[in-house]
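Consider the two complexes below, in which chain A is the common component and chain B and chain C are the respective partners.
Up next is the complex of A and B:
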């Protein structure tokens, strides 16, 4: 411990050089941490469990077209189907357009079957109360915490897609598996139908839960065939079809991110090796003087290694700190636009990985010049000027 | 001061050669020298005669090619590198021509360096450092960094660093070589005091006759062979 002071002062020998290499380290670790976390988050989002036996039926020509609610009749008749919930993205905001979050008009009864994996933590009584109150709504825990909402509060929702701004009473606060699931509000589908003339008898989508995921291709195909050549044709998609295309894309993103990571690692290793060898080489005489006064080779090696590792530890910690700050900002600012970013976090494994890489870089780039410096004879070192 | 009998430095047929590829370049050949404890010896001789080489061997920072080398009761040939390092820490104080202070440490911290290798506590180290700081008259410069000190002051810090661990032997390779006459005198006076009052055995290499006259004995090296030892009349 008494040598720490010496190590610190040696590191601060050239403040400008240390500052520059530190900035380089911080930026590199930051970049790698953010990219790797992005990859991990995308991976987690695209590997959500239990979404396998749910699919969506929507208008063939896109999300802005509506299906007749009467189609639900046929859907419910299919033997593989457990439950059908009509659902419409409402796109409202609370008080201010900045306060934007996911909000849907959903069938108030069947949604609890179709989305049982996404919504939990509500009591029977709360669900009953919600279903009874046409102007009731349920909100996710994170959303409730963010705005300080409690059960019983009335909240105004201003429509942006539909000419309707309902006053909703919170009847329950639910839990989800991820932040994006809890950042959501649901209200009665019938309220939308009653409030918006052109939505009467129409819905944006039907969410359908089947007995098994193997049923989906068959039943989806049957539904689309049934409505083919009718005035309103349907298009059925597995919920994770979106994620599946996503995962495929992720393969490429993953390769790119890993490529960038390796490139940054190589670059930073070269820069650190250069800096450390310079920092050690210019101390040749000093090292000889220390050894003359009794510092052993091992002791000098230890001091030099400590210096290199201290540098990369600082760079690594500050880089990761910066990354977690940026992750928080991304979550809070961009999370409302890109839903998956609400789950953007630095995983512990990512932090450990980045810190580990920083330490390895520090180790290699210091051990090489440090060994060379301590192998040199004292007399030679004293002569070098 | 009466001269003690047992030599603190005992050298017998000491040889040192450098090798350039297979070519042997002999620097010291069959050297015999005894220096008693408490002695003050000046090592003189033309450039390239092997003065620095001999000093480095005695101080245990270089290895001889042959011969016996006994310093402060240890046969240096029998110590491995780590043992030799802690032997140096205990027994030898170094003073260099270029002071060789660590530029990122202030005077106090430079002087404290050799003590970091001992088991002394922080408070004990502080006490010892302050003791030698006042001995070299630099108490008021303790916080200064080498670049804030004059050459003479730097060399005084170096002397303080050399003696803080209380070694028996001080070695100095042209300690006044980079100083003006006034500062050189001050350093030489200090070394005389260390020899006379504190009983340090001192070995200095010098070209300067004035510096050599501060010593009590002068040893002349000529082409790797000891020429003569003369006593100085002061």
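Up next is the complex of A and C:
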């Protein structure tokens, strides 16, 4: 610790150089942090440990095909099943196509059992009121705040997939665990069935809650076998697997992100090696003087290493700090392009990973010139004067 | 915004023109600086290789965005229109009855070929196929009338033959075969309760039809028990008729449909690439600023170690601005070296076929990374820009070292 001042002084020896390399480091760490967080957010979509005892039944041929609602009877009869809610992505917008958020037509009673973890904060009376009003809807807190909606407001929803534009009355504002859950609107399934002729008796998916998560493979298999070889075959999958199909739809984003991360890491390692060797070479005499004063090789090496590590620690910390500052803005931009990115955030693991990478870069780029400098004999170093 | 960008570009061009003039008029400092790049091999190489990585990423990201747009932009013809259900936005969401299709085809504005209207009633369905990594992806299956094929002249048969109506046959794009191993000519697959034979492959020249499977409209409708078409594609007698045709589709009591020019329909679809594009732009902007700082650092170091030489040049009678120009050239040369390296690196990604899925239509879009000369030129231009911006301050510093001090050093 007592050498901290000396290390700081040598870092500040060339303020401009330190400033410039710091900027490069900050920007690179910033970029890596954002990219890795992006990947972590996408991974989290299909990796929620709490969603264990829920699964989805949908048409085998794809998301745009519908199942008969009558299938629900069979699903409800399964002994492991607690509740079944039919659900359809409505894909409507509020006033302008840019005001895009998730909106579903859901069974107005069973949804509260099936999605009890996603929807909270509604009073018994509000739920009753919503269930009573065929044209009622419930909206998440974030959504209500964004558009200034209050309970009792009537909001127009313009359909894009379905030829229907309902006027909905807000009957309750609920809370969720994540931003994406609160950015959602639910309305009565029956309203969709009444409003759209080709949806009568059809649904996009059934969401099913079972007693335990261990039941899922068995029930899912039984359901798919039951409907196999019928004109409408089903595909049942656990909630996480269902979301994974959406994430996979983006294509190989993981490969792109990892590719860029590696390229950036190589680039900053090269640049930092260059800068550190410049900084150390300049001080050949100084190092020789330190050695002549009785500093051991190891101690000089330690001082030089401390200098490099201090530099990358500063760059890493500032880069991550910058990333957390813009995380909120990015969440808005990215969230509007892709609904899953509404939950974009910097996870602690990601921050640790990026800081670790910065430290490794600092270590590699300092040890090479530092070793060379300390190996040089004192006489040789002093001659450089 | 456009004005601002234009202003910056004009400024850049003027500066560059002056730099070229200075280099021609006073070749000595110019040559001296380029040689000193060679003299300081290791630091030149370090910076240039860092820059080359950045330029490579820049080119690859651009090619990605371009690949996605190309898939859509080249898909439509200017004199064709797509008739859809109002506000359905995508073919998949639309539905048109057989009666409506008949009325649309008999519209006098529709072009005719031997008395038959050039129009194709089509149906779009989605089918899940496995990609080579075992993950399923949705593919658009388009059922069309025979005229539909000739209405897309960019699509060419590559092997086998076209699907025949009534035989449950499909023709698949060559470009999709790499990513979807099931799509082999001679094999068959199950869809809508029927067996379908793959009888041929086609190439759609990078348009969005490279991401579809084609079959006969009636076969697909029967298999999926559909009563309605999705859309009707019509060719108009001339491009000028688009406006009045749209109006007629809307106002005709039996139709009340929306006609969209084919070109603008596909333009709308390019939005599917937005998430990738946003991320790509973010990456490039941040990286280029970082690389600029790094180039600046190298240049400052190079200026600092040559104070004496700069003093000599000044003593020989070269003015400050000539020194500025020659150091600016050194920075540009450094970055262009990186740019050339980056262009070479970017060829590693050339030709890789990949895909993403449109969240609007839930179906797969294939596209390829193609490194074109235009992209390489953009990469080089980009590196010149980095050189100018990164070298400006160090060059300014070089030109402002007081003569007396420079001689003392």
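Basically, the second predicted complex is superposed on the first by the 228 of 385 C-alpha atoms of A that agree within 3 Å, B and C clash if a C-alpha of one lies under 4 Å from a C-alpha of the other, contacts with A are read in each partner's own complex, and residues count from 1 in each chain.
Criterion: contacts are C-beta pairs under 8 Å (C-beta built on N, C-alpha and C of every residue); 3 or more make two chains touch, one makes a residue touch a chain.
Keep in mind that what you see is a predicted model, and the values were worked out from it rather than measured.
With both structures placed on the common chain, the touch criterion links A:44 to neither chain B nor chain C. Of the two partner chains, chain B is the only one touched by A:10; chain C is not.
Of the two partner chains, neither chain B nor chain C is touched by A:347.
In the superposition on chain A, contact is made by A:334 with chain C only, not with chain B. In the overlay built on the shared chain, the residue A:151 is in contact with neither chain B nor chain C.
Looking at the shared chain after the overlay, A:359 reaches neither chain B nor chain C.
When both complexes are overlaid on chain A, the residue A:371 reaches neither chain B nor chain C. When chain B and chain C are set side by side, the one touching more residues of chain A is C. After overlaying the two complexes on the shared chain, residue contacts for A:290 are found with chain B alone; chain C is out of touch. Judged by the document's definition of touching, no chain A residue lies at the interface with chain B and also at the interface with chain C. By the touch rule above, chain C contacts chain A in their complex via residues 42-43, 46-47, 49-50, 53-54, 56-57, 64, 85-89, 92-93, 95, 125-128, 135-138, 191-193, 225, 274-276, 278-279, 282-283, 286-287, 289-291, 293-294, 296-298, 300-301, 354-357, 359, 362. Touching chain B in their complex are the following residues of chain A: 2-3, 5-6, 9-10, 12-13, 285-286, 289-299, 377-379, 382, 385.
Residues 56, 59, 61-62, 81-82, 85-90, 92, 94, 96, 98, 100, 102-105, 109, 113-114, 116-117, 122, 161 of chain B touch chain A in their complex.
In the complex of the two chains, the chain A residues touching chain C come out as 16-17, 20-21, 23-24, 27-28, 30-31, 34-35, 38, 60-65, 158-161, 163, 198, 231, 245, 248-253, 256, 260, 263-264, 266-268, 270-271, 273-275, 278, 333-334, 337-339, 341.
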